[in-house]
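One structure is given here, and the rest of the page talks about it.
Chains: A, B, C and D, in written order; residue numbering restarts at 1 for each.
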Amino acid sequence: MGGFLLRKAGAALVVVFLSSVVVFIGVRALPGDPALALGAENRDPAVLAAIRQAYGLDQPLPVQYVKWASRALRGDLGLDARQLPVGHTIITRIPITLELALLAVLIGVVIGILAGVIAAVRRGKLSDHAATTSALVGLSVPHFWLGLMMIIVFAVDLRWLPASGYVSFHEHPLSNLEHLLMPALVLGTGLSAVLMRQTRSAMLSSLTADYVRTARAKGLSERSVIAKHALRNSLITVTTVVGLQLGALISGAVITEQIFVIPGFGRLTLEAVNERDYTLLQGVVLVAATGYVVVNLLVDVVYSLLNPRIRVSGSNTP
Amino acid sequence: MSFVDTSVAAINPRARRRRILRRRFMRRPLAVAGFLVAIAFVLAAILAPVIAPYSAGATDFNALLAHSSRHHLLGTDELGRDVFSRILWGARASIEAGVLATLLAMAVAVPIGIVAGYYRGWVDAAIARLTDVLLAFPFLIVAVGLAAILGPSLTNATIALGIGAAPALIRIARGEALALREEDYVRAAVANGASDLRIIARHVLPNMLSTLIVQATVAIPAAIIGEAVLSFLGLGVQPPTPSWGVMLSDAQSYLAQAPRLAIYPGIAIFLCSLSFNLLGDGLRDILDPRTTR
Amino acid sequence: MRGSFKRFAFLALGLVLVGALTAAVAAARGTKSSASKIRNGGTLTIGLAEEPDALDPTIARTFVGRIVFLAMCEKLYDLDSHLNIVPQLAAALPQVSKDKLTYTIKLRKGIKFNDGTPFNAAAVKTTIDRYLTFKGSVRKSEISPISSVDAPNATTAVLHLSAPYSPLTAQLADRAGMILSPKALASGGSFAQNPVCVGPFSFKDRVAGDHITVVKSPFYYGKAKVHLASIVYRIMTDPSSRTQALRAGDIQVEDRIQSTDVPTLQKDKSVTVSKAITIGYQGLTLNLGNKNGLLKPYSTVDTDLARSQFLRTAFDLALDRTTINKVVFGGLNQPDCFPIAPVSPWYKPSTKGLKCNLHANVDLAKKLVKASGISSPSVNLMLGGTDPVTARLGQVIQSMEAAVGIKVSVTPTQFTTALNRADAGTFDAFAIGWSGRVDPDGNIYGFVSTKGTLNDSGFTNAKLDYILNGARKSLTTKSRNTLYHAAMQIIHAQRPLIYLYHPVNYYGITKKVTGVQIFGDGLIRAQFAGYAS
Amino acid sequence: MSLLAVDGLSVRFDTDDGPVHAVDQLSFTLGESEVLGVVGESGCGKSVSFMSLLRLLPETATVEGSATFDGIDLLRASPARLRAIRGRKIAFVFQEPMTSLNPAFKIGNQIGEVLRRHLDLSRRDARRRTIELLELVRIPAPDQRVDEYPHQLSGGMRQRVMIAMAVACDPKILIADEPTTALDVTIQAGILDLMRDIRERLGTAIVLITHNLGVVADVADRVLVMYAGRKVEEAPVHELFARPQHPYTNGLLGAVPRPGAGRLREIPGRVPSLAELPVACAFAPRCPRADQLSRSQVPDLREVAPQHHVACFHPGPDAEAAA
């Protein structure tokens, strides 16, 4: 397993490095002079030149990159247009998104895996049709629209839940949940639809697998056949899917936070794009990409834990 | 002794396969419904200028936020524009983005994927790293970034969506090519000294077609929703051009006063992507019997 | 949610420069603390519509930032409720030398910065020198005529100017007049992360995107007047949730209520709605001579609008400002045709006799289109924003121009990108706002004088240049009135810019709190507010 | 009295492309400690028949007929009752030791599971017994192997593990479905040896499903030949080899390399599609003896010698082979 993970980690490092280059170039490629954003209503060319100089924007791109990257390596992502440290801003925003994402994953995994297992076990029956159809509906519903509909129903009409905003957990735990319930549902339904389909198809193939037949032939109860033999193997597939869904989850968080006005990481990303706050944007996208790579590495670890073939032999051919 | 084999019907196997596929397809009412609705949306997009009662931008400042009536089937929006007409016109952006983005993604991904899977080795490794890098950026962030860099417009949103969808497709095409390369008939062709290009064109590509078709049908609804998201965020279709995402974005300020403005375009997006998803699911079922058996 | 006119207000007000002292408003509804008794203590939470930028007056740009500075960074001068300039840290208005090149400012005694260090003339010199020399200083251009600062003694600061500059005192009543603690500046850290000035409150903490907290200062010279223990500025960019929070009591003051919520809140008995007509404006900048880029020598641009003054007039006459206000802003803004707001004392004298078409004159516009000799004229309108409200404005204009035969295509553009294009001259018409300045010079000079640093129109008119430069040097109100009237006539006839309306801001204040003041500058003044006992 | 009596067993699969009749009217019995060989080409319904007895087929299968074991009709028994029989009274060894073991669990766990389920052993006892079982099936270093995963074992060892699992509870019947197909010849012999050993030591009745008549000749007492879902011939092993009656059996015997039998012959043609049951002898299209009668009627089973049944209109040894 060590070798396998080491290789994966090496690849991840390369990806992070390349990502940082892409981030840097991408941010510079954005139209809209950062100096103009910093100078605001003051567009006197002399002032703009001074700003460029002050922020090092007048230096050649490779120099700027090296400066930025070497500081980023030391954990310093620079100061944003508000003169606040980007790293600190990101750190304060991430827990919010993380909480949202965790809730969503919880909802998605519980609903998705449960429904997927049920659908696979009752394949062709009414509950299977119901589950597969709702998964398809879940995949087809634009989530931001679902969010708007939830706001109309639960916030505007019924007044059960707040339409938007965020209250931190330590400030007011109940209110925190109230504010995150709809967003997490919106984000979780999409995930649960994907997971349901994946779980169902993984379960279907494990349920027809020879080892499940063996388990049945051993006289095991259907419950242990499904929950132990079939599910364990399906989860190996499903774990990788959860990992791959992470990008979708971050994307979903961007728009969900936008709709429900949650000051999380996703909203920070959009703010940075809209305000052309280039240091902030660089930091945000770099952290997103790194986070994604790291989580995928974690998924690989979980995957190897679930899959003894990788764990023991170090080979990743199943 | 004469041994006569009569167990296999002597008909053209391709025609037979087509017939079987058609029969399997017709036996899936949801897939058929999806197909019909998808066709309806495509027609609506093409025929919008003919069938829409009003032009997309026709404002009536004396009928703001009107309820549905004989004149305005689904009422009017905050600028007095006919919502029904705008939904018809909006189908153009969605279908265009959905189809073109998918075609673009395919055009980018399939050759790259085939090259990676067919040649393997360092080419494959390099491409794999590249797709890893692309995949490291969440789809929407890539799309948002590209839309911001290229400037917001339907074309650029389509490009962004296409590029955003490519990495996943590269992986799929690579996997298929990798598997097909090991097939006997490909090996035979290699042994017979056929050129790589010929093998890819004659054997690899045609045999991954059904997988690609299924992927395309699934990628279209994703791109339709993607277009709506980008337009909703102001990074896609730019008003006054109608698009369902733009309509939703506009409607956001009127959730309390006129929730219908948010409901109708959402239903349109939902039905449109659902229809393609149903179609894609049906195609997958009939083309890939592994999932049904 | 990005609904309503929040985003617009942002365009118009968001990026305010230094001298932007505002002025204007008749509706200034300062609820002076008097009637009921105020109890000491308590936290006031203000829901801000945007996030302030750097809390360092040297580089600060945003309108909301000035709201926060009001509580913790006092200035040499301030505005009273009638928008007159009054001394704050200075002991009196400046003594101006005859040649208008030397300003002598007497300072108040016994004042301490919030870190306990003394406030004196040396601090004034340190601060203004910083404003003039700091890399990336946004203050510099506001006070650039200052050539040097002397501090002959602890309570006297002398400013030497390189040229007469009548708006200087107004500038010193805004961020350029905020004096920073030399000790804090010398500490080497980022001043923005721990700003120290003279003020009733001192900076406590800031969480980006969430809140800024200031607490009552023990060093403040007038702390007897300060009732609140702390003020929390919460950043709530979504107007609906801001209103919701106000009604729920989570915040006590709401910055800029969105138009659709105004009627609701006006009916709410626990809330007072105050409004401030701003001194800013929203307009359309027409590209007349910006062919090569801002301040690159201007020459004629080959667009339909640039070619024909008739067409420009027709374009203007096609606009129904009343309908625009109704459709796009729920009728809450102030439609107008001039860069100076009606609330300004300069408005009437400078606009008298000029006609403003609040309603469209379609027939005349059509005739003028014909008279222009341009068949099927077309205009590309660049919108400085991609939000729904801006888009709506664009579409309404498009629809109105279509009625007189002018084809308008609309290009919504991200704000900074739009500025880039505007400065590069790659546009026909550009919808953009200006936050406004107290002095009329601030709303006019930069945009239409040949050397104006905001002259994206590329407008150049020797007569207008002469008038505006004269107005800058002239110190009497009467002569300036005359000059601005002359300037206004030229602008109104040539239309390098078409002005549409002056934004009106609405604020919600819980009735439990007294002493929150809104003047014509649209800033929320809460530093001396408190809870009624 | 026989241990297991199957009567009129039919299995039909409903697929997208119509029904497939995998087994048609199969009847047979199995005695105590008897070894029954079941032979036929792949796809002839041998495996399906026996899996259907324990109801291990997917739900698309419709099973008719009866299968009496221990006074219970297996095809109608309650699921709970059936589960008490599976693995305890009747155990299965499947064809593919590679895929039939769960890759995610240690083999000890997989064997112990049966013991704990049926014999109520504690975790520790189960482990001890598992090691004994591994020893019984001649796996070296069983106390180490017990903690290994299937992918760490060789094919032959996996099959031994399968057998250990099957005999764990000392079942009455062991159904071995092509237990040696996937293995090398030398290992095959070892496995067959092991099965013989088990029968002798434990008195287990064994059903040996195979397409390899050589294997049957080695171990079986009685042989049942299946073709296209039907039983075409049944006889004691010596009788069958001595006097094969059905042309298909003759063909199979021809396909077995035997010393002195000359060139190995193939049965021409292919196994028919089972989509529609022909109202004829299913073998007719490939049969050199087929005539009008074969093509219009299904031949009944007839007893041609004691305990020797055949379903053919023209039974008899192959002239060529006999020659």
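One rule holds for everything that comes next: a residue touches a chain if its C-beta (ideal position, glycine included) is under 8 Å from a C-beta of that chain, and two chains touch if they have at least 3 such contacts.
Everything numeric in this text was worked out from a predicted model, so none of it was measured.
J.: In contact with chain A and with chain C at once: which chains are those? Just list them.
T.: Touching chain A as well as chain C, we find B.
J.: In terms of C-beta pairs in contact, which of A-D and A-B ranks higher?
T.: Counting C-beta pairs in contact, A-B comes out ahead.
J.: Determine the centre-to-centre distance between chain A and chain D, using the mean Cα coordinates as centres, and give it in whole Å.
T.: Averaging C-alpha atoms per chain gives centres 51 Å apart.
J.: Quick check: how many Å separate the C-alpha centres of chain A and chain B?
T.: Whole-Å distance between the two chain centres: 23.
J.: Between chain B and chain D, tell me the centre distance in angstrom, where each centre is the average of that chain's C-alpha atoms.
T.: Here chain B and chain D have centroids separated by 49 Å.
J.: Quick check: how many Å separate the C-alpha centres of chain C and chain D?
T.: 90
J.: Two-or-more-chain contact residues of chain B, please, as numbers and ranges.
T.: 148, 151, 252, 255-256, 293
J.: Where does chain D touch two or more other chains at once, residue-wise?
T.: Counting only residues that touch two or more other chains, chain D contributes none.
J.: Check each residue of chain A and list the ones that touch at least two other chains.
T.: 31, 163, 208, 259, in rising order.
J.: Once bound in the complex, which stretches of chain A touch chain B?
T.: Touch list, chain A to chain B: 11, 14-16, 18-19, 22, 26, 29-31, 133, 136-137, 139-142, 144-145, 148-149, 151-152, 156, 163, 201, 204-205, 208, 246-252, 254-255, 258-259, 269-270, 273, 285, 288-289, 292-293.
J.: Looking at the complex, which residues from chain C come into contact with chain A?
T.: Contacts found on chain C: 1, 14-17, 51-56, 59, 61-62, 135-138, 140-141, 190, 192-193, 206-210, 235-238, 240-241, 244-245, 294-295, 414-417, 419-420, 423, 434-435, 453-454.
J.: Per the contact definition, I'd like the list of chain A residues that touch chain D in the complex.
T.: 123-124, 208-222, 229, 232-233, 236, 306-309, 312-313
J.: Which of the residues in chain C come into contact with chain B in the complex?
T.: 1-4, 258, 260, 323, 326-327, 386-389, 391-392, 394-396, 398-399, 410-414, 417
J.: Which residues, counting only chain D, touch chain A once they are in their complex?
T.: My answer: residues 51, 54, 56, 58-59, 79, 83-88, 91-92, 94, 96, 99-106, 113-114, 117-118, 149, 151-152, 162, 165.
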